[in-house]
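Lettered A, B, C and D in written order, each chain numbered from 1.
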Amino acid sequence: MAQLRKKSDFVGDTVQLEDVGLRYADGPEIFSNVSLAIPQSSFYFLTGPSGAGKTSLLSLMYLAKRPTRGRLKLFGDDVTDAKRSRLPAIRRRLGVVFQDFRLLEHMTAFDNVALPLRIAKVSEATVEKNVTELLKWVGLEEFMQARPSVLSGGQQQRIAIARAVVHRPKLILADEPTGNVDDTIAFRLMQLFVELHKLGTSVIIATHNEHLVSRFAFPRLHLKAGTLTAMPPATGAES
Amino acid sequence: MAQLRKKSDFVGDTVQLEDVGLRYADGPEIFSNVSLAIPQSSFYFLTGPSGAGKTSLLSLMYLAKRPTRGRLKLFGDDVTDAKRSRLPAIRRRLGVVFQDFRLLEHMTAFDNVALPLRIAKVSEATVEKNVTELLKWVGLEEFMQARPSVLSGGQQQRIAIARAVVHRPKLILADEPTGNVDDTIAFRLMQLFVELHKLGTSVIIATHNEHLVSRFAFPRLHLKAGTLTAMPPATGAES
Amino acid sequence: MIALRSELPLKGDTSSRFVVWLVMVLVFMASIALTTNAYIGALLFHWNQSVTGTLTIQIPVMLDAKDPASTATTERVLDVLNRHPAVERATAVPREKVTELLKPWFGAGEAVADLPLPVLVDVRLSTSEPSAINAVSNSVQSTAPGAVIDDHRAWLNRVIGLAEGLGAIAITAMALVTIALGLTIVFATRASLAEFAQVIDVLHVVGAKDGYIAGQFARRALVQSLIGGGAGLLLYAPTLGFIAWLASRIEPGILPDISFPASHWVVLAALPFLAGLIATITANVTVRRALSAKV
Amino acid sequence: MIALRSELPLKGDTSSRFVVWLVMVLVFMASIALTTNAYIGALLFHWNQSVTGTLTIQIPVMLDAKDPASTATTERVLDVLNRHPAVERATAVPREKVTELLKPWFGAGEAVADLPLPVLVDVRLSTSEPSAINAVSNSVQSTAPGAVIDDHRAWLNRVIGLAEGLGAIAITAMALVTIALGLTIVFATRASLAEFAQVIDVLHVVGAKDGYIAGQFARRALVQSLIGGGAGLLLYAPTLGFIAWLASRIEPGILPDISFPASHWVVLAALPFLAGLIATITANVTVRRALSAKV
């Protein structure tokens, strides 16, 4: 899958936000003046109370929304006003775990996970190999041909994670990726993210799970009342 | 709302399972020989690894599925083979929080929460009063007129909980009700369940959150490899 | 108040628009079919009316108009006819009119003036029974042997056959439309059931009864059918006008101007409600069937 | 392989069935309209054909058949006609045939035998140009003044007017069908866009290009139109047969048996593909427009 990473020689920040603000329609600003630089190969938690704007902030980064104010750079490219036609190429270097999974109901678990590879026109042999391997890792090899609706909540969440990482993205944005699994599986999934991080991927995980945050020694971005604060890693945690 | 509780003089177990087994279509049995009695005014956690069958077990209790084997009693009534026309009356004494919320997208948050009251033909004045009060309690008074899709994950989850308790059910079945909220809100929501429990409602909460389980001194039902084991309350926890 | 509140979204989903559109088309087709049928009925009545109870008798005497023998035969026939109980009135066609009728053959020249012409008698009967026609025919024959009696029915019967065939097509169309409407509603309701599976699950869990859920779908189907049916009628009105305009422009008078009875318009106006009724019942039955397969 | 894999479900959603059904109805209507139009065209051609290039000349001489003067005039007219360059053949209608034609007026009695009758001449022209008809007419008039020339067009023109009106309705129907098809696809595609909003979001996020997504919808629309169009033709075949059967049963011979040219069937067979083409283009444009409003 070397062709998917051929731009990996770029140096600089993976994500850069400068004085970014966001509002929905004519509502109030969800957050304002958020500035942030996520370096290559970094790992961050994104925390904050429910409704603080974590999902919204991530949606800027995966280009589902444009900031209403400020500038946004991804992989060194300023995408604030980028033409739409330029975005697919950038999006293919991202992996997103949605808070509500967003699995495609009319496809099997396998096809859901294979989607990013197929969109990138990866050969079917590679698809077969990578997807099978990944589904084994998340413990769902028995459910490859199952539709999402017959899977349990935790099983669906693992499919969503597999889909987000199968194409070895440069940046993973995961929204509450362990909310529906027990601690054993949560730890295993975190390990997956950490492995990818060690291979050079940047990871941002939005979570409410204080236990998770305190267990891993990664820095934390805290969003509250429209302001983003960077916080150091929890002390005494594993890395 | 006294009319909603007029059968409250019944004595006995709220839920009774005798040698219950469940299978989907022609798949293997998810669990078998589960026997269980949930007394009135009790509070249980339901735990177990992802895919163990927690959601499936709850779905038997809220009458979305019939056991493929064994007998099931609710409020002392044997409902294993009960006629369909008898079920609505029983269902109105239940409150269910779905793992995936299942809010009705074409209704406002207010109307979603009001649904059980309106189905039970409660007067609109009472609906107005109770729903508003409850939405304040879960911290969403600002979002009463919002559609579920514009709410954050945690906000949706709180709407789902409000809908499950608004009609003061005799039995609350909550599936991972705090997976999308932070600890502060989770604690507040747990308080709501505990309050109702103290007023005589039975509560069963399926959860992966060990932290939650260990914080509250309630007994636990553990489902693993198709077998249900009762476990005592965590020691040293508040009640 | 609660009964009017809908737990299903009426707008925005595809199957609801599907029903509205199809009912529109179906009501449109039904109204065209009904009108065709009514028009054909009226046309037949009109033709029948203008022909029934009249006879033309041709007396085969090739005599000069001024010839007293000819006049005598004619007088005799007229006399017999006018005393016949089944005859209301019998008059000889004036010579000018016969000349006019023969113009295509002999031109308007003076040649015709001197021509011996057959005598035509127009008879208006007081009844349209075949037996009366026969009785009249017999008494004419005995008075003036060889008289030709034409009751104008030969050509009419052919046209009636054709028109009745068209009427049958219109009726068939109506029947097909009704069946199609039923099928559409069944099918769209099933689609809706799938589309709203989750809404229905939630309604179930909060204790809604089958009748309540079925009622929601039935009301939706009713409203959709009324909207679609109304739209179909709205479409029908200008179409009828357009066809009438075309017909009048092309050949004024070839088709008689027929005004429909009030009952026709009442039936047309009732079409959306009929569609609504069919839709309501079908939706109700479909949903109850589907729900009864659930826990 | 990847190009053929669909990221959108083709079956099971309402809008897809909606399109299939509507395209079926539309193609059905279009094929009926086309056939009507072709039939009317063929009918007009047939009638024109049987009439064009023929004249009937009536010589206004009221002379006895055995009268040499009458014979002389007739001979002269025939001679003039047969030497005229625009005339292929001119023949006098035999007296028996004229008698036959007059029977409704004079009966079959011996009276007619002695009657002086007009002479009728049937003329077949070698051309159908109006100028030729005029030239023939003039030379006949100068030979036998007062001759009446009938080119059979008066009644034909009335019928042609009516038929052309019907043809215009058929053409209008075709145009409406095309517009309706376009609107249907636009509308169903929008409905699908709403229905698959989440699928589209996910495809976007994993880096699918607009063209890819639009292509998925276009392919869906194509397949649906082909299915619907095929079904429409399948419906058309028995309908045509049924109407032909009804027509033949009602009035054999009133409408001539007309066999359509091969091109007609080719156009009919092309209808589903035409619908597919319209659907593909419309869906593509609609989706691209809608997507360009997104981030």
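Following the convention adopted for this analysis, a contact is a pair of C-beta atoms (placed from the backbone, for glycine too) under 8 Å apart; a residue touches a chain by one contact, two chains touch by 3 or more.
Bear in mind that the values here come from a model prediction, so they are computed numbers and not experimental data.
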So which chain is farthest from chain D, going by the mean of the CA atoms in each chain?
-> B
Here the gap between chain C and chain D, centre to centre from mean Cα coordinates and rounded to Å, is 25
Interchain centroid distance [CA atoms averaged], chain A/chain D, Å | 64
Averaging only over C-alpha atoms, locate the centres of chain A and chain C and give their separation in whole Å.
-> 69
Listed in rising order, chain A residues that touch 2 or more other chains are none
Note: chain C residues in touch with at least two other chains are 12
What pattern do the touching chains form: line, ring, star, complete or other?
-> ring
Among all the chains shown, which pairs meet the touch rule set out at the top?
-> A-B, A-D, B-C, C-D
In the complex, go through chain A and note every residue touching chain D.
-> 62-66, 84-85, 87-92, 94, 96, 102, 104, 106-107, 115-116, 118-121, 124, 163
Could you please specify the touching residues of chain D with respect to chain A in the complex?
-> 1-2, 5, 7-9, 12, 198-199, 201-210, 212, 292, 294-295
Chain C residues touching chain D - in the complex, by the definition given at the top | 12-15, 17-18, 21-22, 25, 58, 60, 62, 101-102, 105-107, 109, 111, 115-116, 118, 146, 148, 158, 161-162, 164-165, 168-169, 187-188, 191-192, 194-195, 243, 246-247, 249-251, 254
Residue ranges of chain B touching chain A (in the complex, touch as defined) | 24, 47-51, 53-55, 99-100, 150-155, 158, 175-176, 179-186, 208, 210-211
